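In the two complexes below, subunit A is the common chain; its partner is subunit B in one and subunit C in the other.
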Partner chain A sequence: MQSAPEKSDLNAAGFRAAILDPVREKPATVEGPRGKQAVKRFNVYRNNVTVSLINALADIFPAVMRITGETLFRDMAREFVRAHPPVSPLLFLYGHDFPAFIEHFEHARRMPYLADVARVERAWLTAYHAADLEPLDPQALAKIAPEDLEGAMFKPHPATGLIRSPYAAFDIFDANRNRETIGRIDVTRPQDVLVTRPGMDVTVTGLPQGHGAFFASLIAGDCLGDAAEAGARASSAFDINEAIGGMFATGAFLSVTTEQT
Partner chain B sequence: MTPTSLNHGASAARPPAAGTFRFAAHTARIPALAGVGFKHTHLDAILADPDPVGFVEVHAENYMGDGGFPHRALERVRQDFPLSLHGVCMSIGGPQPLSEDHLARFKALVDRYEPALVSEHLAWSTHDEVFMNDLLPLPYTEETLNHVCSHIDRMQDVIGRQMLLENPSTYVVFENSTLNETDFIREIVRRTGCGLLLDVNNVFVSATNHGFSPMSYLMDYPMEHVGEIHLAGHAVQEDDEGEPLLIDSHDAPVADSVWDLYSIVIRQSGPIPTLVEWDSDLPDWPILRAEAAAADRILDEAAHSFLMGKSHAVGA
Partner chain C sequence: MTKATKTAFSGAVLAGAVAAAISGAQLVTATDAAAANVKCYGVAMAGQNDCAAGPGTTCQGTSTVDYQGNAWKYVEEGSCASMELPGERMGSLEPLERDMPS
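Entry: the complex of A and B
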C-alpha cells in the first residue's frame, strides 16, 4: 500500500487525525464561507464518520446490543471505532477484532459471555457473504474405501465458522437474535457453535457434547480418525456416526481428500 | 428473512445469467425515467409493482462480497431493470493512488452486472488504509485537480468505459482553494472525458451552507455532460452562527425547494435519468415509489415540451 504524499493541498493525514479524535482542533485550512466559523461544520464530518461506523457495528452485532442495551453498546462501539477504524472500504468485513475489544471493555466485564456472542454474530456475517459453493455431498464418503476413511481430510466450506465457548453462547445468541421474549438461560453451560450456509440462509447450530472438539480438529486439517479421537476425549457421549451426520447436515465442508490421493 | 420472490418461481424459471437481462448491454441507453436506490427490504415490492420504476441504483460496495443473498437479490432485479452502479468508496478525491484491489472488485461488478450507468463521487474517504465511511471534502487547486483527473483516468482505464462524477454536498470550505467547484468540475470533464452525475440536492445543500445561489451554480455547470441526476432528502441543523446548515442525510422525502430546482433543470436540459436516493430511515415501498413518480411527472412534461420545441424548430 502506497502512503499518501506527506504534503498536499488536502492535508489528508491531519484531516483524518482530527476526524477520529474529538479533542483535536479542526484542520487549519478548513473554514466556513465568508469568514464564518467551522467548528460545528467540521463536527458534521466527525459525527458522520463516528455515527455511521457505530451503526455499522450495531447492524453486525444486534444480539450484543440487545444484551447490553443501546447506550452501553454505543459507548463501547464509539471507543472501538476511534481506536480501530476500518482498514477496508467493505464494511461487511469490519469488526473482526470487536469481540476481543469487548472482552477488555470494563463496563462489559459483568457479561463475560458477551465476546463469544459477538464472535457468533461476526461469523454469521462472514457466512452471509461467503461464496456460493455446494457443500460436500454425503455420497462422497461412500466413494472412499473403508480402510481409507480414517485418513480422510476435509476442506471447510468458506462460510464455516466454529466458536467454542465456556458460556452458553448458542442459547444467548439464539434468544437475542430470534426470540421476542427471553427465558432463563444458564449462561455457565459451555457451548460450541457452528455457523454454516448450506444454501442462501445462514445456519447457526448449537453442537452436542464432543462435537466442538471433533469439528475443530477437522477444520484444523486433522484426519477423520484423529478428529473422532478428539471428540471421544472431549465427551464420553460422543458418537462418531452422529458427528459424521452433523458434518453433512450442516454443510460445513466443501471437499474431501484421502492421504493416498 | 429471505424475501419470498427468491424462494420460488422467479429465479428458478429464469436462471440469472448473462443474456437473460431484459436490458443486456450498457450501450443501450438507459431511458430518461425515474429510478430508485435498491434496498433488499423492497425487493418483493419492486418486482411486483404493476408500474415498474425506470431503473435501480445500488452502492457498489454492498455487492463486493463473494456470494450469498446480496448477489442473488441483485441478479434478480437486474433481470427486470436497467442498473446504475454507484461507487461510494473509491476515494477519487484523495492524493494517494486508488486501491488496485478495489478497482479490480469494481470492474468485476461492471463485467458481471452490465450496468447502464457507472458513477463515483468527487470526494475522498480513505487515507493510507484507514477508511472513514464518509464523503470527505477537498480543496479545489491545481494539485488536487491533477490527482482527481489521474484517478478518474485510472478508473476509466480499468473498467473500460466512461464514468459519471457526482458533485458533493459540503459543510466546510478550504482557505487554500483557488478554483470554484463548477470550474473544477468542468476542467475534470475536459481532461478525462468523464460524464457527470448532477445531484440537485447536493447543489441545494452546498448553496445553502455556503451562501451562494443554487441557480447561478447550475447556470455555470456543464449540463451537456450530465448523464444522471440524483434527488434526495436533507436534514436541517444550525451552523456556528445559528444559521441553517443542511445535512445531506438521505433519510427523508425530497424537499420542495429541491423539486423546484429539479424542474428548472429538466425544463432547460430535457429529460435525464433521475434517481431518488433514500438510504436510512427507509420508507415503505409506496412512499419511495411515489417520490419516483413525482420525478417522472416532471420528466414527462419536459419530454412533451421538449419534442414540441424541437418540431417547432424544425418547422421554422
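Entry: the complex of A and C
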C-alpha cells in the first residue's frame, strides 16, 4: 500500500497544472491499477474540477450569467478558470479577478457594463461573508461637538463595498437579479452602487447624485467636511442631510474618530 | 483632511444634518434592523439567494460535462438585448459576424 502523495508531490508532478490544462498530458504519477494508463480516469477528474469551478462562478455571478446567457458565460468562465485558478480552497472567495477578466474578454465587448455588474455581485458575496459587526450607532455622531464634526473620520464596515460605474450598474444588477421580466434599460446613465450589510441581509443601494463621491471620500479616510465638499462638487443636487442619513441607513461605517480622541 | 480646512459645510450645517438623520434613522433601527437580524431560509427568490452563502458551502454534484468547446457562435439567449447603448450597438450578441471587416 502506497501512502497518499503529499501536496508538494502533486505540484512537482505537474498534477495541479495538468488539471486545468486539457492540452497537457496526464501527469506520469497518475496511473490505473496494475500500472495501466489512466487517461480517461484523469479526464473525469479534470472535467469535474473545471465544471465545479465554472459552477462556482455561475453561483457568484447569476446576474452576469442572465445577461450573457449560459453558453457565453460558461465559455468565458472556463477561460477564466484556466487563467486564474483559485488561490484559496474556500470557493466563496473565488472570482475577485473575474470582473477585470470580463473587461478584456473579446466576446463581452459589446456589453461594456458587464464588468461593473460583476463587481457588484462579487461585493455582494463579500458583504455576505463579512464579519458580523454592529454598524456605527448614529448617537455616536450626535455626541460629537458641532465644531468637531467637520474633522470627523469614519472606518468602513467590513461588509462595505462601493462600485462607481459609468454605466447603469445598479439598474442592470437589480433587474437581472430581482425581476422576472426586464424592461429596456438605458445603460449609459452612470450609477454608483453601495453594498452593505447592516444586519444579516446584504443591501445593495443605488446612490443618489453626488453620494458616490461622498462615500468614496469617506471610505478613503477623508474627514466629513472634505467628503461633503466632494459630494457637492460632484453634483449640484447633492444634499448633505440626505447623505448623512444614507450613512446611517446603509450601515456603511463601523466607527468614528475625531482629532480630539 | 482636518477641520482646519474650511469648507462650505460648517459644523452647524453638519450637526443639523446629523440631528435630522438620527430622527429618521431611529425609526429604521427600531423596526427593520431587528427583523433583519434573523436569517430566513427558504423564502428567497429563486436565483437570488437560494444558495446565498455561495459556492463551496453546499455539496454540488458535478455530472455536467465540460465540452471545452469554443464555438464562439453565441445566440441571443441572455437578457443583454434589453440593455440599450444609445448611439452604439445594442447589447445583442448576434451581430458578431456583421461587425467583421469584409
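Here are some notes:
Please note the rule applied: the second predicted complex is superposed on the first by the 244 of 261 C-alpha atoms of A that agree within 3 Å, B and C clash if a C-alpha of one lies under 4 Å from a C-alpha of the other, contacts with A are read in each partner's own complex, and residues count from 1 in each chain.
What we mean here is this: contacts are C-beta pairs under 8 Å (C-beta built on N, C-alpha and C of every residue); 3 or more make two chains touch, one makes a residue touch a chain.
From a predicted model like this one, the values you see are computed outputs, not experimental measurements.
Contact comparison for subunit A: of subunit B and subunit C, C touches the greater number of residues.
When the two structures are aligned on the shared chain, A:190 is found in touch with neither subunit B nor subunit C.
Of the two partner chains, both subunit B and subunit C are touched by A:48. Look at A:241: by the touch rule set out above, it reaches subunit C but stays clear of subunit B.
By the touch criterion stated above, A:78 is placed in contact with subunit C alone, subunit B being left untouched.
Applying the stated contact rule after C-alpha superposition, one finds that A:56 touches each of subunit B and subunit C. When both complexes are overlaid on chain A, the residue A:107 reaches subunit C alone and has no touch with subunit B.
When the two complexes are overlaid on their common chain A, residue A:166 makes contact with neither subunit B nor subunit C.
When the shared chain is aligned, subunit B and subunit C each come close enough to touch A:200. Shared contact residues on subunit A (touching subunit B in one structure, subunit C in the other): 48, 52, 56, 89-92, 128-129, 200-201.
Residues 1-2, 6, 61-62, 64-72, 88-89, 91, 93-97, 99, 102, 124-134, 136-139, 141, 143-144, 147, 171-176, 209-212, 237-241, 245, 247 of subunit B are the ones touching subunit A in the complex. If you check the complex, the residues on subunit A that touch subunit B are 1-5, 8-10, 12-13, 15-16, 19-20, 26, 29-34, 36-42, 44-45, 48-49, 52-53, 56, 85-92, 127-133, 158, 197, 200-201.
Of all residues in subunit A, those touching subunit C in their complex are 22, 47-48, 50-52, 54-57, 59-60, 62, 65-73, 75, 78, 89-92, 94, 107, 110-113, 125, 128-129, 138-139, 141-142, 145-151, 172, 175-178, 182-188, 198-201, 222-226, 228-229, 232, 240-241, 243-245, 247-249, 259. For subunit C in complex with subunit A, the touching residues are 1-3, 5, 7-22, 24-26, 28-29, 33, 36-39, 45, 47-48, 51-57, 60, 62, 64-66, 68-72, 74-80, 82-86, 89-93, 95-96.
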